[in-house]
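Look for subunit A in each of the two complexes below; its partner is subunit B in the first and subunit C in the second.
The block that comes next holds the complex of A and B.
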């Protein structure tokens, strides 16, 4: 017994010692935090594909050092995200961390980032507004846009082009959908539209039929901001209940993670307008090149989801900045953060730069769901809204007066 | 114990009405109010309070169908506990596995009923195998059995994630179950005097009917058959049952098979009504735990009552106060534990 323990210990040190020595010299550890479990598993897996696409573009090395990706898994709950971040930072010793994926996770990781000033955090796809707008962390960077930015142009389009005057909303009850509804309503209400009913459902809810029954019958359309399995459930049950009102989609409601689902929900999705950081039928050569590179990843969707895109952009930014500083993070990441905040580069979806809160200013795509020639559902590009900033083009002090996003703000019944 | 209880309970309610009659009266009154709420045309003020009649009646109906689903899962859970004192924390995994198997069989053969049958049969076999190869070895060691079931549930969840990945699956229901029923419930009256009737998905009515049929079937099996008699005897005193010459292991295997099979059946039925995705296992385990705690461990009737309470609470909470809806479920559980720790139909031991 005693001898076996000793043997195991010796083996263990033998195995780990060389890799530790290697880590110090010519590898860079980057933490990759995404939802590899729970209701957002599919989303997290696609996020990883995006991040790995960026790593593959530099052949797995940066500034002559080998990149070592250490994965951390959360289940979309804030505490699991912090636990995973803690594990990556405190046990695995990463100095650069890319992630997390979901809104509430972003807020929690931002708060954790404040306690680790010498670690550099770069967002995954988490898109709650207050991750960067109010009380931001100095070492948290977001090269992807937030949920309100993603909605740029949609409210006006729904009111003017589609002619919807009264819209009910159905969304999950946490910070990211609040942000999405805020972004949609900011424009829709300003244009003169009304939102008489807002339903907030718990994340992971399965049975939406009661919620569907409670939607007023006199609305012109329903705005749906649900993700992953929740969106699939809602849409299927909406179809089963014989729903006839047209839909308006939140960014992740009509994402590839939902569009590729099997079942009858496809019928209610066709023609649904939406907006987000990507469009599947984007003709730009940079986007096409990105799609081709993405498709080399195992298990890839017909077109990258916005999670693949977000993780790609953030990982790409990380690698570009690491390259600029020669892969040197021995100064507690000071130089790296300086490089990151000045970074401006061309992504597959146009130019990205950061504002003073380290939040991205980037192009947003207005889309509509159509059936592609191969039978897959796609987001057809309708319009590009160029260089949307976090205050949606409204002067900052005026924007801050609109108040923090929550269930009841904004309101225009 | 029960003989001592009787006089005290009747003396409590005084001379006039017995406690039983009082409860009967309350029950009748509630039934009358619910019937009025469902069938009458609502006055304006009531619509203003409860959103709309359509929302209210749909919430009740959805609560009932969800209760049916919960009952299917929890009845197996409670049977296994009642007989073996084994809290099978892998019960949710059985549900999810049944759903995945149902999906595979349905999408390959195109026959939904085959999928349902496969969900039940395969899981019943797995249940028997689990009982024979795992739980029989740990007999009499309740804590260890429970811990082993946690282990099995974790391993099973990861294996299922490896095979079916993280996607959301929808089991296709056959044509004859599609569509909606028009119920004789008037939700509103149009200005031209025409009545608007409530429509409700046919499939959900079928789920509820299946749950009722299985509930009655289980009750008959437990109360009218020889195997049921053995099971009931085993619930009360398993050592004595064994001493009187019954092969307890065979009874255990039957119960585990039926319990696991019901979970698999519920998986296919539930996966067609809602959807199948990782994480469902934990959700249904939690639901059946709450249902069984409220209804009383080891009682089929208790599982039915518990499922009804939890299903209705969940759906009504979802419509009227979605943010705090989850709390309602657990308030029911806490109140039950405080007032009647053994559960509504549970026996005090």
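The block that comes next holds the complex of A and C.
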């Protein structure tokens, strides 16, 4: 009889340890949700550096209260993001949560936010359009812009300045690259360009031979929206297959994680135009100060990635708003959300304010890959597109008629 | 030791307490009363989730422990049920969603899972040992990628969201307490069913086939049919767990049925121990607790290392999992037989 009885007792005691640790009055808990596991681990860690840079700027306290960061980890799948968010909110009792990092995660966390109206959610870097555009949550804020906004100016630049008339696209198969392709094509098609072929590949794809074979021979350029290892694999294989078409890069295709890779890839990448919320050669003093502050974080890259930037901006906004309300979230965060909605502040990349859907209006940087003086590849700033809003300057009702982003929308073959 | 006596075939006069086992009564009472002390988070995210994964691993334990067939496709089977709930019921992803009531959807989903499980079994019973593992891994991986890239049925990478647990008898079954009891009900039923089934004629035959298929074939048993039927039964358990899983998450996407989850199921079964149906539940609690709280212990950078080390330590100390560990400690506590249950 002993065995079962003791087993039962062991189970029982193990499960009756609900540790509902409540924050003391002089600390304020902020949840930080990022991808600390899975294919985007490196990006998630850089996001954390960005967020911690913002915390370090206020010396780890806001409105006289000590900031306590509680971290949650996801693996870029929507399920894991919701699970981690639930743990932070329901077990650790955070009232303010910054995150997540990836597109589909953002859509899932937005849905979860609707079930927790007393908790304030501020985005990390997730950049799917419909996180805020369609069916938004009242308590979800995005001070970083979305993937279509990041493309502002690129379509026109490719058509007019580069003279590309026909472009094929290769992108990963989920909501963020859809949004990026949408942003690029919205301008490119409007200017008169054509996109005869769109290839969607799963995240973590290794063999791109069938994708490369499917690219039409007569295209002027290839628009590539792949991240990290996927970008390196595709570009290497494309070059080995004898491909010569020039490239146009998505926001995370030509960032430092890809540009620092070795090999002949470097020659292919030179001169690739791209656009995004940051530019490596930005001369603005605010950006330079941010880069210096960022570099104090352990394990920092030579230049902050857009993930560090996005998490920094969102965490900074959170801290500014918390400061305005004196760190008081005892009213279910109502005052905090009011402060956040009205917040407008200067980031390292220019002024940021929110629209009525709580999505950011901010400056976007048009860049081109060049070789720096030390031989490293850099994104050289070509042009700043000022204050891009979520509808890309198109009137809202007209923009909504373009439909929700997906594999087939937009289309201009 | 009530169970041991039954297994030994010595059936003395029993009162009901002996029949069920005092340990079961205490454990059951404790679990029934747990909502009085447990927070909502612990009720659903830890206890409910553990029981769902416990039932999933139980379906693996049934196949591996009694049938000698190690499968990595249990989460795939659960995923089929979960996707069926999303497709036949209602979702807010604007893809399919027939809006059938739950009492039609659930039997359909579980039946679909059980039939697919039987099909997977039918393919894989031709193999043995590591080859079964390989073929079920192949099936799990193929299904994952198919779900990820198919938009007409599976809605691609984002999958289905906005799936709600049913509301009837005036109760929203996704509220923490009702959901806990729902999971508990399923866990107890499946546990009892497997325990009972293992001592039934079919269960004994299956174990005999595991130990010596050639002899059983010579005795006139249809080995393949028995094995496929075991897959079918495991499919029912996995399917039920899949239905609860989709109600729990409110969503299903390829990430739900990924290879990492398939391996989690295997880890749960191995950590818990494959010798007794309680093993998967013990394993599930340990694994879920570790996955939830490891990040608080060692921080975001290395928490997966800690999880791995703990699992390694358990398997190193006791190859039979936590149940095996218990089997070793027990003789020091009481003068009882080392044999565990069936």
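A few comments on the model shown:
The criterion applied here is as follows: the second predicted complex is superposed on the first by the 388 of 413 C-alpha atoms of A that agree within 3 Å, B and C clash if a C-alpha of one lies under 4 Å from a C-alpha of the other, contacts with A are read in each partner's own complex, and residues count from 1 in each chain.
Assume contacts are C-beta pairs under 8 Å (C-beta built on N, C-alpha and C of every residue); 3 or more make two chains touch, one makes a residue touch a chain.
Values in this document were obtained by computation on a predicted structure and should not be read as measured data.
Once the two complexes are laid over each other on the shared chain, residue contacts for A:219 go to neither subunit B nor subunit C. Contacts of A:211 after superposition on the shared chain: subunit B is touched, whereas subunit C is not.
By the touch criterion defined above, A:72 reaches subunit C but does not reach subunit B.
When the two complexes are overlaid on their common chain A, residue A:229 makes contact with subunit B while staying clear of subunit C. Looking at the shared chain after the overlay, A:240 reaches subunit B, while subunit C stays out of its contact range.
Once the two complexes are overlaid on the shared chain, A:317 sits clear of subunit B and of subunit C alike. In the superposition on chain A, contact is made by A:199 with subunit B only, not with subunit C.
Contacts of A:87 after superposition on the shared chain: subunit C is touched, whereas subunit B is not.
Of the two partner chains placed by the overlay, subunit B and subunit C both lie in contact with A:407. Residues common to the contacts of subunit A with subunit B and with subunit C across the two structures: 37, 45, 75, 173, 200, 202, 407. Contact residues of subunit A toward subunit C in the complex are 1-9, 11-12, 14-16, 18, 20, 34, 36-37, 45, 48, 70-73, 75, 77-80, 82-83, 86-87, 90-91, 104, 107-108, 111, 173-175, 200, 202-203, 407. Interface of subunit A with subunit B (complex): residues 37-39, 41-42, 44-45, 75, 173, 199-202, 204-207, 209-214, 216-217, 228-229, 232-233, 236-237, 240-242, 261-263, 265, 299, 407. Across the interface of their complex, subunit A is touched by residues 1-2, 21-24, 26-27, 30-31, 34, 37-42, 45-47, 145, 148-149, 151, 156-159, 161-162, 249-256, 258, 260, 278, 282, 285, 289, 292, 295-296, 299-301, 303-304, 326, 330, 333-334, 336 of subunit C. Within the complex, the subunit B residues that touch subunit A are 51-52, 54-55, 58-59, 62-63, 66, 161, 165-170, 172, 178, 180, 199, 201, 203-204, 273-275, 277-280, 283, 314-316, 318-319, 322-323, 325-326.
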